[in-house]
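These notes open a run of structures that come right after.
In what comes next, chain A is part of two complexes: it sits with chain B in the first one and with chain C in the second one.
Up next is the complex of A and B:
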């Protein structure tokens, strides 16, 4: 049964309608995968806090709100001038604009992309790149055990398709501008598939923006395939408004001797859950997961990472830092698996949280499960306030308490920024962080 | 001449332990005072109370600085009005750029005095000039504040900061500890160059060694939270020869009011 509901249903109506209803009715071209995902979702249901992985985040409560399921085919309207504001100064990037999950070519600028690079809509790629899409879509993000992946996979399956061929080096970055723009409280699902060919190199920057103030909830899933010896950096910059919530899943599959770094920045949004799952699935992989979150007001941000070492001789390094103020909550939950065959694994993890107010809270939960015997693994996790000794030192040199804290917190955050592989990005992020610290947190 | 610093009957405690028990001290502009005392006599407490560290509670007495109630001022207000503490243990601030920190500090002082911000070129020139003052390698200024500095570099960096901020009252808390003789000479030379008619120093030290290079006008002996004896440089020499036990034995009849 397809498209039995005549009007756009709300998320809850859709869930209650049970098996048989795809979201928005676009059953092709991924009918079989979507049907399987719908069945899986009905079996899994929305997770509750009894679920260990959602202990700190009451996602079930957040989804009780009546969100309309947004039809990704409805013509989205966003002004070109707004898009210009979303571009990062000095990045000189190819730009792809995605509104409510749908790629808008008129607002995008991908002129001059080198041969061997394709970027566009996933729906169209299902036809134009049928073989590769068929081979990879839904192969990495686990439909059977993750409710939000299942829910996303049961949907329209529209979003961004990026493919870079073997040995292509992208000299200029790609910026993918995601805009949510709707008049009604809406649930927006986006699905991305990034295929980085053997020995390719690229920097991809995803920025997220809300163009309206209604309540929105994004359920985003990106599958990233990093082939042999490819070198990839992916930045996800979340600066949405106070009414924008999301569950964002980044599923990374790495082949031998590849390098992948995720940079996840959460400076805006209401409730944000980031699931970053990396699978270095061959020897010699290097994986870096960097994260920074600066929260105030009622914000709730939950970073949930998994590095699953299945093969020998891989290196992974995870570095997350958070600053929580107001009544906000920051969570870091990082799991590292080192499976029995993954000998000579080097896996490091560090999570640090700074709490600025009595009403803010920070939870840090490292989990290492090691089944191989010849490995080097370590984790460090701290939560605390700004060191009073450091503040006093700076005040004794004439800085106000606010200037002192701002300088110390900026340094704390800047350690993550230095890992970004592009000068313009570092400058942009430093300025955003400085502004956020001075104007919003300490001001 | 009105005193720059006038401490009367100062009592201070930390975590309910009384450390200072009726300390009196008067420092005039242009003077260098040395405060010597054994471990636990209250030397560092005095430095910290003057700089405004909140963990110390003043229970009695007064501190007047250039006519103002110093104890009523925040640490940054004291700094902007010219009080500088060279820390016994300067903290390392990973990731905090020395240049950015000092520029913020210098401009905070200038704003307080109603002056314009210093432009970058002027500031860089001043930094180089003052670094040379204490033979501080310019590359250290490119690093984070005190991060990875040796003990001697940290002490020299404190004197460098003092020269940058141009205070009226410099309080040096055991700046000599851990310095080899060459570093001690460099630090002392830096301080001597800063001596001026309108500037005063309080040197807090355990040993006489520093005073061979920075000749004080007055030497005070601090014991059990009070100044028990004051005199000229010869008092430091006598102390070095006879030890703190000699003072302790003669403390009661040796108190100089």
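Up next is the complex of A and C:
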């Protein structure tokens, strides 16, 4: 047994220690859930490439590195000027800053939030909003199903708690700035719980940043509850450095006639795995999953999505696009699951990859698993190079080959950006993508 | 308003009158060895077939590999979307040959039981005559190598083919008469280490067909083989090897029906195809083994490894299949596109009903430059069946300008069945162009309405639509087979009338 209060164990030490050893010694306030998760994790273990869901990502190898388990209670060393750089220009958002998984109110700016909106630390909410947290936390992200959910749930459980009451419309978006800052190679776990009340409307933007150059590995789990007729957009923008890896799980539960759109952008990071699982669990739901990844160097990004149609009369649409260059690897593995009762389901899925280098790889595995007959489901997947005819057209108009490619790829990526419901956000992302492509192609 | 709805139709399909049409047992004396798998059994099979030493050695190597796989709990392929009990490999008899092995000279000498079987299989009288060597110059010739319970009973047209240098015979004869060819190519495309069932097949394969097309020869007729599983509890382990030299062409047909059985019969065949420069091989299959009853009792386990290699430049391998039978199907005819500009094709219709389960698809491995592949897969599910497409398209780093198009469509008849698509697309070259699309839906109400308002009855309309759905694939079958294929598909939908 390691004395977890005295010294921070490494991830491996923690895993080897076996059940009953909670990270940082905090066994409350979610003791029962955490104990169950720990048992589940010990049963599941770190997945290997033999697990079908991890076929293209060797996560076990990535975790062999000796990461320290980061103590989220340690005083963060991030100041206001750093955070200013992370704010998205023109977004005019309420800002919540989270350093190493802990909410830092001093750096945040949530003034003027309308009544009925609560945003803050999950650990504090466990006391202040005890019954709500109790009712929802761990109810959707199943610890038995996935090792990283179990690992996250077994840990300290700190992160963001957001609750929007019935019929509240947020006029301004919320930006949640996640910063990882540590001196030692560290394993950072964050847990978020977002509750969107009936008929509410909001745009939430999560941005991820690394403030230091040491190797970090994030294991993030967000549970999102979208109640009846709520209309929610959630953007996750991953622009961390080459030493930052993460497994990011987004678990969405939708009630009747709700609208939810996830926008997942991966422009940075070393190894990134995104698990986006949506469960439209009542009639009349609309679910959109959009994804964009632009990779270079040694980057490895694996987008794993599941739309689990459990109830009739729902609509889901999925569009993922990726550009892989250098020695990078892009993976798209999306599954549409239509259960026996989910008649009248309309589900669409499209994934497209562009491979720019012979050393880069792109794997896609779009799956349909259908048990209801009165459905319309389809998927399409294409992988290829930049169309030579298109390049020729632009070159005949005076663009260089690299300029032509950059422009065509910008247009390819822009189709994902247009799905965002905020002008300033679109402008910001377009510029980010353009810079990225120009740097990559025009050097 | 019509009272006969799609649901009635499905109910009818499920309780299809008369049951399995091709379910019958031929009472031929069978020479069966005791159940179980052991080195003695492998040696006995080899001895019974009078095989040379090298063949026995190869079998034993495969057998030892099976043993190591059996020791390891991970040995058994469980990744498929299938739910069944793993066969007891010690409860299977690994060899069965018809007791009499006559050389037929006239029709009278032929066992009437066998002729009866041919008839019910739909082999025309003329072909039956050919089988026993009676000249008949009418109609298109089809050479049939009948495999009944693993041993080739008769081979026709051998002489005619031999004039062109084509070798078409049973594997046993090939091992005896053309050992160099067999030794060179057997296991070169599907090594015994490939998977558990390939290993098992390599150790205990009973017979199969061998086909060799010499350089520049276009095989003048469709070569066809009927596989049947006959003796109760006998696994059928055929091994087919097709070698097509530079510029050769062959179209090979394989069709199967099986007698009704209550215990699960295991069928684990291996098919290997080698296509050299400018060669083309077309391999067509109709599979209609006993699928078990509606509760899923009985039926054939069909675990097949089929793979071809386009070794030479501009070579082509095409797989076409109509899968309507078997309780459990596990089958992925693949093409390794090694030669530059080589072409691989996969056309498939899989129909499942009752409690059938199918996990089938293909693998296209692009190694050579400008290689092309096309995959068109149509699945129809009814009853409580599950029908999965699982396919891999892999473009290797050096496969410049490779091209693939895949299309997988599924049709659902009823709300208790499942249709699934699991494509794997792995691209390692920037000039590759790969497209995949899949759709799943039920029969369109607008299509039904259109047919019916023109006076077509509801069940005929459904037949029409399902046949139209599959037509693209059925049209790829050689003419002789297309007829049988359509017949089979309509039998599957037959119970709907009335």
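Rule of thumb we're sticking to: the second predicted complex is superposed on the first by the 435 of 443 C-alpha atoms of A that agree within 3 Å, B and C clash if a C-alpha of one lies under 4 Å from a C-alpha of the other, contacts with A are read in each partner's own complex, and residues count from 1 in each chain.
By definition in this document, a contact is a pair of C-beta atoms (placed from the backbone, for glycine too) under 8 Å apart; a residue touches a chain by one contact, two chains touch by 3 or more.
Remember, predicted model here, so these are calculated numbers, not experimental data.
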(message) Once both complexes are superposed via chain A, do chain B and chain C end up clashing or fitting?
(response) fit
(request) Have a look at where A:102 lands relative to chain B and chain C in the superposition and call it first, second, both or neither. (result) neither
(message) For the superposed arrangement, I'd like the angle with vertex at the C-alpha centre of chain A and ends at chain B and chain C, nearest 10 degrees.
(response) 70
(message) Tell me the contact category for A:258 with respect to chain B and chain C: first, second, both or neither.
(response) neither
(request) State whether chain B or chain C is in contact with more residues of chain A in the superposed arrangement. (result) C
(message) So in the superposed three-chain picture, is A:380 touching just chain B, just chain C, both, or none of them (first/second/both/neither)?
(response) second
(message) Contacts for A:390 in the overlay, against chain B (first) and chain C (second): which applies, first, second, both or neither?
(response) first
(request) Check the residue A:245 against both partner chains and state whether it touches chain B (first), chain C (second), both, or neither. (result) neither
(request) Could you grab the smallest C-alpha gap between chain B and chain C in the overlay, to the nearest Å? (result) 12
(request) Write out the stretch or stretches of chain B touching chain A in their complex. (result) 51-54, 74-76, 78-80, 84-85, 87, 90-91, 93-97, 100-102, 104-105, 108-109, 112, 144, 161, 165
(message) Under the stated contact criterion, what part of chain C meets chain A in this complex?
(response) 79, 81, 397, 410, 412-442
(request) Enumerate the contact residues on chain A facing chain C in the complex. (result) 52, 340, 343, 353, 355-385
(request) Could you please specify the touching residues of chain A with respect to chain B in the complex? (result) 387, 389-390, 392-401, 403, 407-408, 411-412, 414-415
